[in-house]
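For clarity, chains are labelled A, B, C and D in written order, and residue numbers in each chain start from 1.
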Amino acid sequence: MLAEIKGLNEECGIFGIWGHEEAATLTYYGLHSLQHRGQEGAGIVVGGNGTLQFHKGLGLVTEVFSRGELEKLTGMAAIGHVRYSTAGGGGYANVQPLLFRSQGGSLALAHNGNLVNADELRFRLEQQGSIFQTTSDTEVLAHLIKRSDEPILKERIKEALTHLRGAFAFLILTETEMYIALDPHGFRPLSLGRLGEAYVVASETCAFDVIGATYEREVEPGELIMINKQGVRSERFAPKVSRSICSMEYIYFARPDSNVDGINIHTARKNLGKQLAVEAPVAADVVTGVPDSSISVAIGYAEATGIPYELGLIKNRYVGRTFIQPSQALREQGVKMKLSPVRGVVAGKRVVMVDDSIVRGTTSKRIVRMLREAGATEVHVRISSPPITHPCFYGIDTSTKEELIAATHTVEEIRQLIEADSLAFLSQKGLLQAIGRPDDSPSCGQCLACFTGQYPTKIGGEYVGTFVQTSRCEY
Amino acid sequence: MLAEIKGLNEECGIFGIWGHEEAATLTYYGLHSLQHRGQEGAGIVVGGNGTLQFHKGLGLVTEVFSRGELEKLTGMAAIGHVRYSTAGGGGYANVQPLLFRSQGGSLALAHNGNLVNADELRFRLEQQGSIFQTTSDTEVLAHLIKRSDEPILKERIKEALTHLRGAFAFLILTETEMYIALDPHGFRPLSLGRLGEAYVVASETCAFDVIGATYEREVEPGELIMINKQGVRSERFAPKVSRSICSMEYIYFARPDSNVDGINIHTARKNLGKQLAVEAPVAADVVTGVPDSSISVAIGYAEATGIPYELGLIKNRYVGRTFIQPSQALREQGVKMKLSPVRGVVAGKRVVMVDDSIVRGTTSKRIVRMLREAGATEVHVRISSPPITHPCFYGIDTSTKEELIAATHTVEEIRQLIEADSLAFLSQKGLLQAIGRPDDSPSCGQCLACFTGQYPTKIGGEYVGTFVQTSRCEY
Amino acid sequence: MLAEIKGLNEECGIFGIWGHEEAATLTYYGLHSLQHRGQEGAGIVVGGNGTLQFHKGLGLVTEVFSRGELEKLTGMAAIGHVRYSTAGGGGYANVQPLLFRSQGGSLALAHNGNLVNADELRFRLEQQGSIFQTTSDTEVLAHLIKRSDEPILKERIKEALTHLRGAFAFLILTETEMYIALDPHGFRPLSLGRLGEAYVVASETCAFDVIGATYEREVEPGELIMINKQGVRSERFAPKVSRSICSMEYIYFARPDSNVDGINIHTARKNLGKQLAVEAPVAADVVTGVPDSSISVAIGYAEATGIPYELGLIKNRYVGRTFIQPSQALREQGVKMKLSPVRGVVAGKRVVMVDDSIVRGTTSKRIVRMLREAGATEVHVRISSPPITHPCFYGIDTSTKEELIAATHTVEEIRQLIEADSLAFLSQKGLLQAIGRPDDSPSCGQCLACFTGQYPTKIGGEYVGTFVQTSRCEY
Amino acid sequence: MLAEIKGLNEECGIFGIWGHEEAATLTYYGLHSLQHRGQEGAGIVVGGNGTLQFHKGLGLVTEVFSRGELEKLTGMAAIGHVRYSTAGGGGYANVQPLLFRSQGGSLALAHNGNLVNADELRFRLEQQGSIFQTTSDTEVLAHLIKRSDEPILKERIKEALTHLRGAFAFLILTETEMYIALDPHGFRPLSLGRLGEAYVVASETCAFDVIGATYEREVEPGELIMINKQGVRSERFAPKVSRSICSMEYIYFARPDSNVDGINIHTARKNLGKQLAVEAPVAADVVTGVPDSSISVAIGYAEATGIPYELGLIKNRYVGRTFIQPSQALREQGVKMKLSPVRGVVAGKRVVMVDDSIVRGTTSKRIVRMLREAGATEVHVRISSPPITHPCFYGIDTSTKEELIAATHTVEEIRQLIEADSLAFLSQKGLLQAIGRPDDSPSCGQCLACFTGQYPTKIGGEYVGTFVQTSRCEY
């Protein structure tokens, strides 16, 4: 499953609000609902009243913020960030939002995504004499804005954004304005809402539900939104192209209660399960899903096949950063970590085990074995995504193709490796069908690069794959 | 739901192991799997090598123990405890196991349950000159053992246990021995297992699965087990009576992957759902359960009625002790706390909402409202337990009957109060049937006191209810 | 110097106040001024308004108490304690005041001193069924009070005190009363003062100065003082004998600005220096004292001999509990710890180095070497106390005679061992003369047991020395 | 006294070592001995083995570094910093050394001093597109180095240093080299030493004594020293001018056991006292000094006048950052803070109170009152510096002349304000004479700007004083 590449994943969650006197507190609740997108660090910057104040730290939102800290953050606008990983070093320094103070005014940045030309831009900026504070891609934008020759900030930001390539959803807060920007392909989700008179923006709509806000619309790819006391203004920094939203948001990342680009995640996943049932039925006694992302899929699979859905695998909810991993010796003696099989449910049964993906295959193999040790007579693995055969450069950095088992093995070889009785992946076509899209969607589609190797953008560096030289996705 | 009386609930989890060189580490994993039984404090005492060492603290198991702390706890025997609540004050001091050192030898105690005559015993002991360290009931046993006139420890413990009335599962560790005791009615679950040559004991069998141990049998009501280097010895400190295991273990407390008194919890809960479907069907579009305890019930209800099961309510996983509760003003503006409705799933639908119980009714009302605000056209509440009409003295202290809505209102009145379109509770008979029991079970039944007012033991103090003066349960 | 036996020293500081609405805060400042008597732990208990509240912790007063903690401690009476050492284990649990809660009322205890029959009393109490919470001697008194047959608390305390042998200054606080008691020989200092209408009591008078209180009188040996809303009442729990106040209070422990039994410490120490100059003059260029206790002595020696006083040794002020001690390798390469010689002052000079005492001799040797390495041409050591030849059982536990270099070596042998050019100790007679006493002092004298082996009380256990079987000191 | 302007004082301490395998640990001890120069923050960067690692934090050296942290800092070169104040905000971010990483190599900076043209340089750099991480002056140098057009680092540093005006002692560490630079006037002390084969550099020589290193020479004003594996190389970045070392180093800052520019501080201060005795004798009974800086002065005054030196004022050693300041109400009731009078010493006596300086006069007044309340019949104040009449721009920022009592009042007016019986300041000539200088000193003199208004450098900004437009000091 995708969770196994934790540490490589650079997914994050962002939230912003303009025009509410409890901006910081609402951002706290918004970030809290986005906690699944990043558990390593959290931060909030407030502004809008002429000065920027911030608090950030390593850990969960509830660990980073005490009531005292929150109460100090007064202001009617705020942006916040939860961070998945501090890989790349820097620890505290890399926790966002990043805040840049200068005599000409301050600026805070929160970023979800991954730039493919960050190293190249950074090299050029350092050559020109800039000093970077962090190892974060995000800082590149601050330097580009600072060095832009445009006279007003909005134009400087627009000019700076044109240099960036890759996936980015940015929130920018100054003493007097908030900016919202989404990359021209719209790789990452970013939704707009209203809470009374206030404007809100978030990576997922679950953040709106939790604070009682109402959904308005998606931020469009290539759009730059500016909010200040005069109101809201939308402009474009890049021409309109079709959207390439990350398929993994539907398969793995987003919370079941969120709508991403207008589509409910739980429903989409249930449909993935139903589609899997059509594509790869099997005779079995129980269906079980690997928590949390595959629960909905398993329910859909069960509903479509008539095989009962059961809790065959339990996730221990209290595994946090401070959990002491069992030694190799203890693991071999059978000490489980965060997933346990339910013996009373699977013993003597033919089990369908639904998971979201197979990356290296080691986790799948471990779960299959666990189910057999708990008495399952057969284990049939059903994966709610196509085989991942290519690295992602837009947020999930598997570094090299070699680490992806599906890049170098057939389905049958993988089945043998993970010791399953049968194995099936969802087809690419099935994936697109199951997710579906409302007819009035402003976007045409999804990024399937990790399944197809067809990347919506140029990729710099030494990776040699099958590039799509146009910014238009073509499935 | 029962979770709403957090702070009053004195449920806990205990774990012990004898004869393994990584006793402390295995206890850590065991406690970790019992974390749902208590999140307020945790502790481990190791012994068996001639000296007792301990570490304990407030917070989750993963917060209390670092690798360094764990490595200091060397010894081939250990007992551990997770604590639900530190209500009653004392904080750190009340975190268990309690350790009592004296020139004649040391003794550590871990306790799950609630004594009904603790105050009375304590008063008598203080009159005789004893000084108590904690406000915990558990300490009473230590003083009774210390003051017993019996010459050897095993006899002192047996003599001391006869003074206790109520629910108790005790683990006792000395420099050279471990003792396991369960009260004569067996209110609390306590299972025995083996891990190679080592003996293990735990509140729930999920703790065995997590460390790779195999289940052996239940500890019997009134049994005292002694383990030392000579082996295991079982005796009785009270005559055999029929078991009165707490029904709430099945309905709410235990983890779905545990077997309690030989019965799998997930399966039992699914059966509760199927029984509810038989007793109280309704025309609806979706079934949803209040996480976590009612998920299995809802799946059973859905399976039996054919109405699709959906994730209509999402629990935020990261609400811990440090979560900052929203102010009243923000709650009124719609800020959610730990539960969110899934608009995409319930909007425009007739929803069956399954929950485990109704205590005060305020939580149920809030959830019903939340579902309606998310667009549900009808909300039908189905409860997987009978109405709670009487206080519990064996672990859930609701203090007075007045706080229990079902003690003073009819089902129809409750329905109106919680603003549901329909409301049904499971019948007592349905509850017993759904849980069922294997024919070779050593115990006849369950404690239903909170539904019936028929208490298996004498209750001291001023409460005037319908007492059953015999220690034999009669349903 | 005496500081070298840190960890064995059980000296402490106590402070109490009755009748001031900022009792806890004033106790904080009082304890703060007594910090030199104990840096390992601190605690405050407030009462007098019907309930006892406490806060305590490991570390300095300023580390243990934050403003928030202090503000929670409301009440018009308080007692506090600073602890020198937590040797004997127990850590946090042993930090005082100890608080004992029972259904019949609570009781807090703060103790300065050392009981010589604590083990014996503890053994008897445990035999009778008492359970001890701590490894502290102090707890013995609580159990004796609890078990006393007397009907009222004051009588119970008096009866309990008669069982104790050794050095003790006790403060006891209940919900409604404060008690003050000093052992029959008055080994430890304990002074009474007034702050407006409030009563204060402290180990040293510097605590009065710091809060602006005025000194009233010494607590008398064998006196029990009770303070409550009706006023103050003095009784005796033991007959009047002559005082045996610890000589080390004058030589080493007390702060220079305190008066102990009416005698100013700085003045007493300066007189020790003058007396040393009379007894052991030497031709030299500079006089320097080992900080802090010997500064005053060195000034006196310089004044009497006409040799200039200089800062030849500097103590690093920031060596706290968290200081990382240099490795043996680094020490050998010359890394200093808390004392540094001042090269510019001692180079090329004949130096008189004044210290308070020689216990094992290792520290003296290190300082002599340090001075020579810094260029001193001669080092003459002058000690402001007689040779320590016998262990102390009243607060400084050197355990065995074997560890005391003066018990087994002549002055000339010690001189050679510490590599000094000359060495002189103050005479016993000189010590008593230098300290002097006002004519109206209620006490005759001082305890000189560590110099003479003549102990004012019976000593239990296996130590065989020259006991004085009378409770009257005879020099 | 000068301590009263804590928070405005930007004095710091720096330490560096090259060529020792325990570089970080020795830097720890070195910084520890410089702790009196800064208690607000500390940091160490190690390098020399191809990569820079750092640890820093708010608080004392012993609070910031645990053994674990120290052991992680491996490398044969290190620089460290203790910081007096984090005024100017930024907290943790402003703690030094500052570390700047870039693709072309990393660079760490530790700085003692104050630049008078920092704001101007910063403004220019920000205009050119640089982004600053901190509010610290020190960062300016990093940006100047980064933007220099010179091809090699040594030349870039030299070029950058020429832009700086004011007081600076810099240590710079890269992966392969260490640089040491002192401003052209040598305002701050900076000494070189050897420890075996290793090179050491420190703000004060006490840091050499504590690690067993030997003093070599002063760093010369305008000198840039480069150390790498090839050896040591000294160059100049500015022409040789006469030194203007801060007089306050002798009067107040430095530790008594340090030599500053070859002169022992204790001896210099004793001479200040002797000179004061010549300039301003008085009939009195005791001489006492305000700890710590005036102890040596008072001893000198006593020696010269024959009046006995006594400990008339005691400083509480345990007043740290976490000390809870007494409320105004408690202060008025007599609660003392960090200084207490010794009643037994001053009561009934005519007291000479020696202090280092008078800034606002409020502290002097408080001490005079304290002594009178303790019974002093007369209080004669003697100050070991001339009146401070002008602000300092090189490290002590009193901001405006208005805050300096001596800028607007005569000596007699000040005497009345502080309620002394007599008051005398040391003359400028007396100050210079007392400090003296060895004949072979490479520097001509001291900065007296705060007494004279004659500043050795141009001062930017709006302050209008009497500027000395030459870089040569002229007294």
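As a working rule, a residue touches a chain if its C-beta (ideal position, glycine included) is under 8 Å from a C-beta of that chain, and two chains touch if they have at least 3 such contacts.
Computed from a prediction, not measured in an experiment: that's the story for all the values here.
**Student:** What chains, if any, are shared contacts of chain C and chain D?
**Tutor:** Touching chain C as well as chain D, we find no chain at all.
**Student:** Which integer distance in Å separates the CA centroid of chain B from that of chain C?
**Tutor:** 51
**Student:** With centres defined as the mean C-alpha position, give me the chain B-chain D separation in Å.
**Tutor:** 63
**Student:** Touch graph across the chains, line, ring, star, complete or other?
**Tutor:** ring
**Student:** For this structure, enumerate the chain pairs that meet the touch criterion.
**Tutor:** Applying the touch criterion to every chain pair yields A-B, A-D, B-C, C-D.
**Student:** Applying the document's contact rule, which stretches of chain D touch chain C when the two form their complex?
**Tutor:** On the chain D side, the touching residues are 22, 25-26, 28-29, 32-33, 35-36, 39, 60-63, 65-67, 70, 195-196, 206, 209-213, 255-257, 259, 264-267, 270, 295-296, 299, 303, 308-311, 314, 316-320, 322-324, 326-327, 330, 333-336, 340-345, 374.
**Student:** Hey, which residues of chain D end up touching chain A in the complex?
**Tutor:** The contact residues of chain D facing chain A are 100-104, 122-123, 126, 128-133, 135, 142-143, 146-147.
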